[in-house]
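Read from first to last, the chains carry the letters A, B, C and D; within each, the first residue is number 1.
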Amino acid sequence: MAQACQCEADRELYVPKLAVLDKVVPQTELETLFQLRFEDGAPLGHQPGQFVQVCLPGIGEAPISIASAPCEEPHFELCVRKVGNVTRALHNLAEGAYVGIRGPFGRGFPDDQLKGNDVLVVAGGIGLVPVRPLIHHILCNRPDYGNFTILYGMKRPEEMLFRDEIAEWESSNAVDLQLTIDRPHPDWSGHVGVVTTLFPSLELDAPRTRAVIVGPPIMYQFVILECRNKGIADEHIILSLERHMKCGVGKCGHCQINGKYVCQDGPVFNYHELKQLWEAI
Amino acid sequence: MKPRVAMFAFTCCEGCGLAVIECENELLDVLNLIDLVEWREGLSEKAEEYDIALVEGSISTHADEKKIKEIREKAKVLVAIGACATTGGLNALKNRYGMHEVKQMVYGKAGEQFDTIPARPLRAVVPVDLELHGCPIDRTEFLRVVRDVALGKTPKLPDYPLCVECKKKENVCVFFRGMTCMGPVVRAGCGAICPTFGDGCEGCRGLVSNPNENAHKETLAEHGLTVTEVLQHFDMFNSYTEDHLA
Amino acid sequence: MALQVIGCEAVTQLLEKLMAEGRVVAPHQREGNKQWVFEDVKDPCDVCLDYTSTILPPKKYAFPPKEKLLHYELADRPKMEAVIEAEPLVIFGAHPCDIYGLNALDKALCDQKVDPNWVARRAQIRIVGVDCEPDEYCFCGSMGTASVSTGYDLFLTPLNGDYVVEVATPAGEAMMEGIPAREASAEEIAAVKKRLETKLRQERKINCDVNSLPLHFSGFEKSPVWAEVAEKCYSCGTCNLTCPTCFCFDVLDEMDLSLHSGNREREWDGCMLEEFAQVGSGENFREEREDRLKHRFFRKYSYLFTKYGEPYCCGCGRCVRQCLVHIDPVDTINRLLAHSGKEA
Amino acid sequence: MKDVKINVHDITRVEGHGNIVLDVQAGEIKELKLEISESPRFYEAFLLGRKWYEAAHITCRICGICSIGHTSASLQAMENALGVEISEQTLLLRKLAFAGETLQSHYLHAFYLVAPDLLGVPSVLPLVKTHPDVVKMALRLKRLANDICCTVAGRHIHPCAMKVKAFPKVPKAEDLLALKQRLLDSVPDLHSTVDLLKTLQLPAFEREMEFVALHHPDEYALYRGAVIRSTVNGDTPIPDYKQQVREKVVPHSHAKHVSSATGPYMVGALARFNINYDQLRPESKEVAEALGLQPVCYNPYMNTIAQVVECVECTLDGVEFIDRLVDMGLHDEDMTVEVKAGRGVGASDVPRGTLFHEYAVDDEGTIVDCNLIIPTGQNLNNIEHDMHALVPQIMDKTEEEIALHLEMLVRAYDPCISCATHLLKVEFV
């Protein structure tokens, strides 16, 4: 026939696979952690930093980062903020319910570039979710990495995610965790100020440091600036971006940032790549 | 439990309520999803309590104003249906005149007995949870909203110009047939029914949130309209402005 | 393959033969001045092969404005299955630019992850191309799309009331079986070549070599021309929706009123529409008309061009033909070039 | 001698807002009126200064139920003002849409508004359980009526494709033929409706009154007429409608009351039936007879029966119009109109009675004067006279029963109150 394309298509490209909701762990007023596993017991097979399309038939689909590390398979976790239809409906599900999953999709954190180096994680608000698998992964394989620092900023103390884990990290020697909130609060005795205010006191070995930044769009410019001031190379500044997304497989066009698709070329990029893309940050 | 729905009409032609029951093919399904508890035009039942109020019509008398406030107090969700309720609709055309003048014009000396104030959309008087646009509302859109509400979804109503739907239907643009249309600045959602039937859009669904009005004025002028005609295209359904509150 | 020549009656015969085999769509005239659409052929006499451009490209048959992707039944354990609706179809009378558009979408939709719905439909479509005469909006000469070498089974070139037929595939050969034809003469073959040369001499053209467009575009990021052009733009998406090489879509769940079952559907979307790049937090990554307009141009003449090695614009001129404020790619690109002093 | 005090606030199952007030003291009626409380809308004020091409689209918004009716009268008035002739095709298409609207309005009235009274329930909703087949039939018939309007004019409420001179989009023959088939298939449903009505009892009440309707020598006048015909005052040319229709303001109503030279009169299906009986098809006459309706009938409650008779008429009309249209071959028509100053009156007999639109335009096509006379406005005065005659006859009943009888009487007229609330004439200086 006439068409140029003779390729084999995956009939199931848009068909989600059923997973069972094993555990629901409320985190904050808006965010909840969901633990899932595929019905057939198959592992998700993801890399830290990748995402899945979560599907609730009748409601819709939403791209959600995978919040757990590969070493936790066959379980995997998603931490979701209630903002609209799909995310709200997810929050209404009870344990044992079925959820459709497509993916994993996208390019995760470049572990080969992190290994053997110091890692600085800077997370703002819900930005802690996509880096959590990386944190778990590093903590599981701690000897493979150099110094490990996490800066986690949030607006108010109530917004803190994964409290128990954070308490563990705080008391552990494996990681240097620093927390901050934007404005003073009666329930807070720690550091106050946006996350960049933690930078001046940071001692980094710039050439050895790989910075991983995830947070709201507004945070990026300021944190990148601080990292560069500290002498971290652009290629070593690693970010995860969010865009509107429908298909997850590079077709629908929504997640495009200049010539790149967040769903395929990202969501993880390094700043050297993004510098060329004026739509990125 | 099924949500209890009551329908009310203020100053209008009651066509939107009628459009609801013109969903003949789907009406029995709809009645499975909701409990219709009050609708003066079609039922004698009255309800003291309801969850959702579907309200058509503009607020154009003091009595209207009092009643919509009562409805707002009772309803958990207040949905404005139709142009009169969402933009003031045609009723706001009278706002061009002073209220005294209007009464004189239409009723002569006897006019003074009537209670009339500038016509307003519901949201100018009470908070409104959802606005379903159109003169009349579109049946398909109405059904979609009923379904979404029953599913617990926030209905997503388009905020892009009508041309989108018009092009998907592959209509001949009425501008290419020597007519004019408000489509490029008016909110979609009606399936571009007027252009589909060969007529230009009159803007009954109101302007999109970010219309390029200047571009459209130029386009209309380019197609031979006088300045007055251009303005009349804009104000047929969209003449209500906040100034009318004064 | 040798060129053949058929008369008008043979075209009717061909249409009748194809109609007897299955569904055939072809251009039909619509009310109003110079308006055509691809529609199902009911009577070969209604088909209009002498037309400039249809409102929507024949892409709509391979990638419909709205199509089902998934059917689901709700239950404790929901059932979900792929929906791929494809049927045999002949697109009769497609112009080279529109064929180019289909070929371009083959690349994009089959890149890495292959779109199953597209591929299934494409596999069942046979195409009879027909050559055209450019109108005042076309610029296929500049885009290198005045002729195509693949993507059709038969190609008809009108010549003095007859048609020169190129049979390009075995499917095309089967179509021609039993249709009275004679071999084309050397003069006729020369005339076909000549016709293409005339087409290439369009007055309306982009003032640079098409292959250098991505390079030029890399310098256009900050051009003031965008804002000037965008000032008139409605953000109505007409240009996206009528484009043979646009393929962005939205996905929506359409549940039945019974609330027991439903479909997931995709619907054409447009990057010119305001909500296209808005995300959950409310942030809109292309809030300004100017940003969106710029993105549309960059996507066509730079991003996808670079990615797939050819422009994602087929020069059909639909976007400007249908745009009420006359935003014209040729004029816009020429202004961008002139402004940066890069005119060739 | 007893006292009765009734105040039905917001009569239900009618279009628009109205109240019935009755005060009887010692057997004597002190007060009895039908109050119109609908908010006034001032359509005449909307129209002034607008363009000729907007009149039909503005005035159709007077009423959701009879918007094709308003469109029809408006287009005739504007075409008369501008001296525009319409083609046979346009006339037939308009009549077809009009038949569709008449059907949908009558079905709505008979099944949703009147049937519940006769079956002793407050609305159609309980019938979904008790009479599911009747409800499904009603939905089917109404859907067909609406589909006729949608196919011809885009939609029933506020039609898009009805414009001055011609239809900008002409329906396809295949779509019309599909409607024809459905119309033919609906005949058994019509017979079931008749059988159902035969089992129900309408109140027996008569008052000798004047009937007014349009009349046309060649057809049962609905979309258009040739003259205005009154059973008391004879024929009036349409442009002279004001001789038949005389208005006055009454304080309890936002709608002006209307009388003829001799007093109140009735318009609507019963009036048309009484006046134009001879022009009905044999099939319609048979149904009338089966339901005990014959001219001249003075029982206003029988208006609903007259509507059902008209449903038969319109169903068969629809079939005929479609056949004629398809035979002629449908084609696109020129829409250009030469604009010039003029004045014109248009009249249609819409479901609720005779409707008049009158416009004057200047030589730019701007509307400089207008007058709209709506059927319900004409009926209000007559309804009050009926109520005065009825109350003494039913005084021995309970207040609830009296109230129900009065409400049913109002409903029988199928009033359209939102229409009626701005029919006052405008005098422009």
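Note that in this section contacts are C-beta pairs under 8 Å (C-beta built on N, C-alpha and C of every residue); 3 or more make two chains touch, one makes a residue touch a chain.
All of these numbers come straight from a predicted model, not from anything done at the bench.
Novice: By that same contact rule, can you tell me which chains touch subunit C and subunit D alike?
Specialist: Touching subunit C as well as subunit D, we find B.
Novice: If you tally the C-beta contacts for B-D and for A-B, which one comes out higher?
Specialist: B-D
Novice: Determine the chain that sits nearest the middle of the structure, using the mean of its CA atoms as its centre.
Specialist: B
Novice: Suppose each chain is reduced to the average of its Cα coordinates; what separation in Å results between subunit B and subunit D?
Specialist: Between these chains, centre-to-centre, one finds 25 Å.
Novice: Subunit A to subunit B: how many Å between their CA centres?
Specialist: Spacing between the chain centres: roughly 43 Å.
Novice: Between subunit A and subunit C, what is the separation of their C-alpha centroids in Å?
Specialist: 38
Novice: Using Cα averages as centroids, what's the distance between subunit A and subunit D in whole Å?
Specialist: The separation of the two C-alpha centroids amounts to 65 Å.
Novice: For subunit A, which residues are shared contacts with two or more other chains?
Specialist: 58-59, 84
Novice: Hunt down the residues of subunit B that sit against at least two other chains at once, touch-wise.
Specialist: As it turns out, subunit B has residues touching two or more other chains at 151, 177, 198.
Novice: On subunit D, where are the residues touching two or more other chains?
Specialist: Each of 169 in subunit D touches at least two other chains.
Novice: Spell out the part of subunit A that touches subunit B in their complex, as residue ranges.
Specialist: Listed in rising order, the residues are 58-59, 84-85, 88-89, 92.
Novice: If you look only at subunit B, which of its residues touch subunit D in the complex?
Specialist: Within the complex, subunit B contacts subunit D at residues 9-19, 21-22, 24-25, 27-28, 31, 36, 40-45, 57, 60-61, 63-64, 89-91, 93-94, 97, 102-103, 105-108, 110, 113-116, 135-136, 174, 177-179, 193-194, 196-199, 202, 229, 232, 236.
Novice: Which part of subunit C faces subunit B closely enough to touch in the complex?
Specialist: Touch residues, subunit C against subunit B: 30-35, 37, 55-56, 60, 65-66, 231-238, 241-242, 255, 257-259, 267-268, 270, 273-275, 289, 322, 324-325.
Novice: Help me check something: in the complex, which residues belonging to subunit B touch subunit A?
Specialist: Answer in residue numbers: 151-154.
Novice: Which bits of subunit C are touching subunit A when the two form their complex?
Specialist: It comes out as residues 69-70, 72, 74, 76-78, 80-82, 84, 102-103, 106-116, 118-120, 122-127, 150-153, 168-169, 171, 221, 247-253, 255, 259, 262, 264, 266, 269, 271, 276-281, 283, 285-286, 291, 295, 298-299, 302-303, 306-307.
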